[in-house]
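Below are two complexes that have subunit A in common, paired first with subunit B and then with subunit C.
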Partner chain A sequence: MIGALFCNEWLALLRDGRGAVVLVIGTLIAVASSWTAASTDQRERASQAAATEQARQAWLQRPADNPHSRAHYGDYIFRPNGPLAQLDSGLQAVTGRALFTEAHRQNDSVHRPQNAAAALLRFDRLEPSTVLQLLIPLVLVLVGFGSVAWERESGRLRLLWVQGVRPLSLLAAKSLALWSLGMVLCLLVVGSQLAFADHVDWIRTTAYLVLHSTSLWVIAVLVVCVSSRLRGLGTSAAVLLCLWVCGAIVFPRLVSMTANAVDPLPDRDAFLAAMREDREKGLDGHNPSDTRRVEKEEQVLAEYGVDSKENLPINLDGLMMQADEEYGNKVWDRHFGNLEDHYLRQSGFVGMFSFLNPLQATDRLSMSIAGTDLHSHLGFLRQAESYRRGFVKTLNDEHAHGGSKTGDWSWKADPEFYASFESFDYHTPSLKDSLSHRGWDIAALVTWMVGLTALLFGTARQLGQRGVL
Partner chain B sequence: MIAAALGLELRILARSPWRVLVLLLVLGTGFFATFQGQLDVRRWEDSVEAGFAAQNETVAETRELFAAGEKGPEERPWVDLSDPVWQDWYAATRLCRTPAPLAGIAFAAAEVGTVAIRINRWTDPTLPQGARIENPELAAAGGLDLVTVLALLLPLMILALGVELGGYERATGILPMIRVQSGRDRTWLTARCIAVGVIGAAVGLSLVAGACALGSMNAGSGLAFATLVVAYVAVWTALLGAVALRVQNPSQGAVAMGAAWILLCVLVPAIGVERSAALAADDFAIDLTVEARDAGQAYADWEDEAVLARMQERFSDLQGQVPEDRSEAADVARSALWIVGLEELLANRRERSGRQSRLVGMMSLASPAVAFTHALEGLAGRGPEAARSFQQSVVEATSARISRYVQSTWSSQTLDSQDFEELLTITPATVGSLVRPAWKEGGLLGAWALLFVALAGILSRRRRARNLVTTVPRLQRPPSTQIAGSAR
Partner chain C sequence: MIELEDIVKEYGSQRALDGLRLSVPEGRVYGLLGPNGAGKSTTIHLVTGLIQPNSGSIRIGGIDAVANPSLAREVLAYVPESVSLYPHLSGIENLQLFSRMAGHRLELAESAACLERAGLQGEAHRRRIDTYSKGMRQKVGLAIALAKGARALVLDEPSSGLDPSASHDLAARVRDLASNGVAVLMATHDLFRARETCDTVGLLVKGSLRAEWDSDQVKDRDLEAAYLEVIQEGSDPTEAGAVARGAMGTSL
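What follows is the complex of A and B.
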């Protein structure tokens, strides 16, 4: 019975032109989004590699100089794309691409790709995730809002009961037909993406497909249930469009604004001032009046058994600067650590709303699968900071133990020493790691799936009891 | 007939709480966005005030030091206020951008940089110096400003209110009945579409009125805002009319209007976004990072005379002022020449931004949603063009400080409080937001509305021709058969 009804739904869809419009638009969007996303991803990966190489060449071609001059010259890190960024670029558009690593300070990443879109920023980029999470649900709403309501208004529902169709079979067939329409479009999007991609991460792609098939089932069942429960075609359309507008446009923005209002981040000036104040309390490699510096000097002199800096076999400046770095690292850890905690707290707050909005749960899980979510970004920043610390320590150690004497700022290290530095290498978190932070979102989506499937059964029972009316 | 159709639409609305919910959703979201916009403007004004407060505090402290004959603060013995370096540092002037009257309606516009910036000879307007730290996860959701609500939700509201127009009447056989009774089914459908448009315009104008009441806009900008909203509603109403005259059932109508919304509000703008991003294809900001750093370092290797010549070429007021110790003068110039590189970089970026602006202009031709949002951002004085204009002001103010610093250093004069006061007057306090008139986009919206009206006219004629072929023979049958036949 379900099979016949399912085929009938598809026939009706194709017969009255809706199916043709949906499939033409769907194919157009799928191919366009996949093509643009794949070409953007390839272009960005090539640009990232070129930028990294240019920074590397600048480092290598610089004339031999003092290690501390080189620490101020610094190194640029250019963030690579996430493993499945061509399907969901996630937060990559709003996080900086370039990070300057240098002595004495931990910098934030700058130059967001979002700025490249300039005046069109308020419109979403046409990428597979936008199509799957926003447009296909809208298509399902527009195709399915009258799936039961129109049957009722046209009197066909009465005819179906007379012919012995069971309500559950009817609703299940209609839900499956809508879901399969969504899946056809989903497979078109992901399939054309695979056709354009150079390299495919099958595990992540499979997880991505499972996520979106679940999400589309939730949408399809919701559409059929609303269409069954509400009297009137217009009412059904109005309610479903309201739900889509809320889920896709209003709620995500409203929740993010609420999170900012409930738990606001510190003002940038206040954040920098607090960090500067903590920093100034400690060692300053360039400030001879600092009491901590005096203590450290005495400690080093005692360690080497000499009575003045001039008699030290090493360069005290290098040790002092490294000690200052280590103090600075504590300050950065505290302030940036607090900021990171704050980000995660806000993210957790937003995550609670996934129980209200399945599209939000899908979006967050999709970003995690693609390796482009907040945790991936914070992981990148942590790895970059770890690289900076190693980089500055190596330079300070060379300054201290490379052969120069205290106060000799004109001493230059060998070019081989600088050539021995390795470029930053980003390690992508595994899928398991990425999803381990998304427990609430997984629970929310499962709850939606189970809850709505139960609602489908309830609606069928109600429809059976109340008959056509 | 329009009055009768409007009455019918209002009765349908009054009978259906769910349809009222659609209206309330758009109105509620719009008023919320307006309120958030005002909060954003207040934060903006607070940032400006905080900037000026910090400036006044430092300046007052410095004036006290001059009055007491001190060289600098006691806890900073290395500071010497007679030295141009420290005068530049302690003349902590802020350059602030003031919000336009409609700034609150477009707070989600793309803007880079800050609204209040401290000016000295090291000020770099390309660095992220916004007052707020943003959580990327929340920033990615985008802001819900009034422009977004009007551009995206108003068309969907028209879709929701008019979803049954034409299709339902045709599928249930009501339309042939109207045709038989009055012979004016096309006029009836047009009147119903206009009635939906009137409701849409009323909602839009209510939001405009709310924004006017909360903001501090003048009559001119308020009128322009209202005209644009009415024109935008007219575009979607005309499209609804064209769809209503064509479709056979409500589902077809919904899919057609939904497809139009996806095409005009998502697909076409998204192509613009992609094209815009492609204009900055290799934008890992190499020019502002690796190349800028190396260009700054390169001046260290330049000959003294080359450095001095470059400095005087850029700052013509420094010509003839180079001191006898040309080597020392060149060292000073080396520390200042970074601004020349930055100006060249920004000129290149401005060129690219110009290309992007032209692209937005082209996309406005292809989508009324882009034309509408572009027009409103221009009226609100927000968006990349306004931010770029402020950035240019910052560069000019920084250049003036650099010129003054080099001049003072080269002359080796000991500076006093008079010089400090003069230094303060070099930087302008505020720069107004760049407000762009919206005539062009308004005209485009009008053209879009006319295009859809013409389309509706063509479709209507076609249908009338077909009706003459199909309906007249049906009229020869008994009326009951006729209606049942139509329903089938």
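What follows is the complex of A and C.
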């Protein structure tokens, strides 16, 4: 019975023109969004590769110079696009992917208050994830709001009832038909992306499809249940459109604002000023920079058994710069660690609201699977900072131990030394790592799936008892 | 075949049916007449299991339809006033789909035979339903009942909106079904068609059956005059019975 009803739903879609319109427009949007995303990705990767090569050549071709000059000449490092960034650019769209690393300066590129809002409100760009998470649910609402309401209003439900249709079969068939329409559109979008992509991460792509398959089931069942429980086509359409507007537009803004109100991020200028102060005056006001410098100098002189820095066999400046760098790293670790904890706390807070909005759970999981979420970005920043520290330490060590004396700023290291520097190599977190931070969202989506399926059974029972007329 | 005993149905404080008793044996056509609001639709909805009574029993083919509505629906077919079918399907596809819902998988030839028997010409079988007239859709409704092999058929205002020819044709098909042993319960406002088609006519007023006449009484008398007398003057069943006796010369 379910099979016959399911086929009938599809026949209705295909024969009355709705299916053709949806599929033609869906295909056009899928191809357009995938082509746009793919060409953007390819262009970015090409320009990134060119910039990386250019920066490398500039580094290698630069005339021999002092290591500290090189530390301030710095290096550009680039983050490759997330594995499925073509499907969901996530936070990458607002955080950027290039950093300049140099001595004494860490990168604070996460500290931008617009990040969350921009990521949660996707209307600013047409990419596959926008189509999957906003437009396809809207299509399901528009196609499905009358799925049961129209059967009732036309009187066909009575005829079906007397013929012996089981309400659960009817609702399940309608939900499956609506879900399968969503999946066809979803496969069109993902398939178009695969067609344009020159590399495919099959594991993440499969996870991405499973995520949207679950999400579309939740939406399809919700649409059918609302259509069954509410009297009248108009009411059903109005309620479902309201739910879509709330889930897609209002709720993300509201949650973002609530998270910022409940647990506000520190002001960026205050954050940087506090770090500057700690670096100058010492953490918590202890051990200011002048004192640290004197202590370090005395320690080095004692270590080498000399009474003045001119007698040192090494360049004290290099050691002093590295000591200052390490102190700066401590200050950064404390402040940035606090900030990172703050971000993660906010992210966890927002995650709990996924129990109220399945579109939010889908959005957050989508970014995680695509490798473009906050955790991926923070991971990139940690790797970049680690690279910067190694880069600066190597230069300071060369300055200290390469053969120059204290105060000799004209000493130049060999070009071979500079050539020995390796470029930054970003390690993409595994899918397991990406999803390990998304417990709330996974639990929320599973709860929605189980809850809506239970609602389908309850609605069928209600329809059988008193809902046919 | 269709038996209603002491049926009471209330909507909130309003009593729609008040102790209704009615019986349609197999092979008979029962016409249920009555003014708007008399309880005809409620009776039809009760028999088809769309609603449940507050008290009383409904038996269809010996099955307790209140306790086992899904079992009762297996032997019952229903043709509403306006047969709403799937507009994107043809007549034959609709018949096949609705038969599948009843658990019957019809071959094309069987489906065509059912439609022919219901009076639908062959050229229309493969046309989409949205090109059908109301009468043609009624015939598909009858074909669905035929294909189900129902032993009881409920018709709600079957001749409403049909031209005389289509109405006559439908009545003939209904009689044909009855001659094959199907019990037919038909709610209608069409006194002429009731007189032509029904073996028994019952007059429902304010939720109670006020008069019941068999075919001989109906055909020899002025049904319209009797109907008007009962509904205008009969405010209580006893009085109504007297009116009916006066009008038709026969007691209930």
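Methods note: the second predicted complex is superposed on the first by the 445 of 469 C-alpha atoms of A that agree within 3 Å, B and C clash if a C-alpha of one lies under 4 Å from a C-alpha of the other, contacts with A are read in each partner's own complex, and residues count from 1 in each chain.
In this text, a contact is a pair of C-beta atoms (placed from the backbone, for glycine too) under 8 Å apart; a residue touches a chain by one contact, two chains touch by 3 or more.
Everything quoted here is computed from the prediction, not taken from an experiment.
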First (subunit B), second (subunit C), both or neither touched by A:159: second
Under the stated touch criterion, which partner chain does A:8 make contact with: subunit B (first), subunit C (second), both, or neither? second
Just checking: does A:260 make contact with subunit B only, subunit C only, both, or neither of them? Give me first, second, both or neither. first
After superposition on the shared chain, which partner residues are touched by A:414: those of subunit B (first), subunit C (second), both, or neither? neither
Which superposed partner A:333 touches (first subunit B, second subunit C, both, neither): neither
With the two structures laid over each other on chain A, which partner does A:16 touch: subunit B (first), subunit C (second), both, or neither? both
Is A:341 contacted by the first partner subunit B, the second partner subunit C, both or neither? neither
On subunit A, positions contacted by subunit B and by subunit C: 16, 154
Looking at the complex, which residues from subunit C come into contact with subunit A? 45, 48-51, 70, 73-74, 76-78, 80, 82-89, 97-103, 141, 144, 148, 154
How about subunit A: which of its residues touch subunit B in the complex? 16-18, 21-22, 25, 28-29, 32-33, 36, 40, 43, 47-48, 50-51, 54-55, 58, 73-74, 76, 78, 90-91, 93-98, 100, 108, 110-111, 113-126, 130, 134-135, 138-139, 141-143, 145-146, 150, 153-154, 230, 232-235, 237-239, 241-242, 245-246, 249-250, 252-257, 259-260, 265-269, 271, 339, 342-343, 346-347, 350, 373-374, 377
Applying the document's contact rule, which stretches of subunit A touch subunit C when the two form their complex? 1, 4-5, 8, 11-12, 15-16, 154-156, 158-165, 466, 468-469
Name, in rising order, each residue of subunit B that touches subunit A in their complex. 12, 16, 18-19, 21-22, 25, 29, 32, 36, 50, 108-110, 112, 127-145, 147-148, 151-153, 156, 159-161, 163-164, 168, 171-172, 248-252, 254-256, 258-259, 262-263, 265-267, 269-274, 276-286, 288-290, 293-294, 297, 353, 356-357, 360, 363, 369-370, 373-374, 377, 383-385, 487
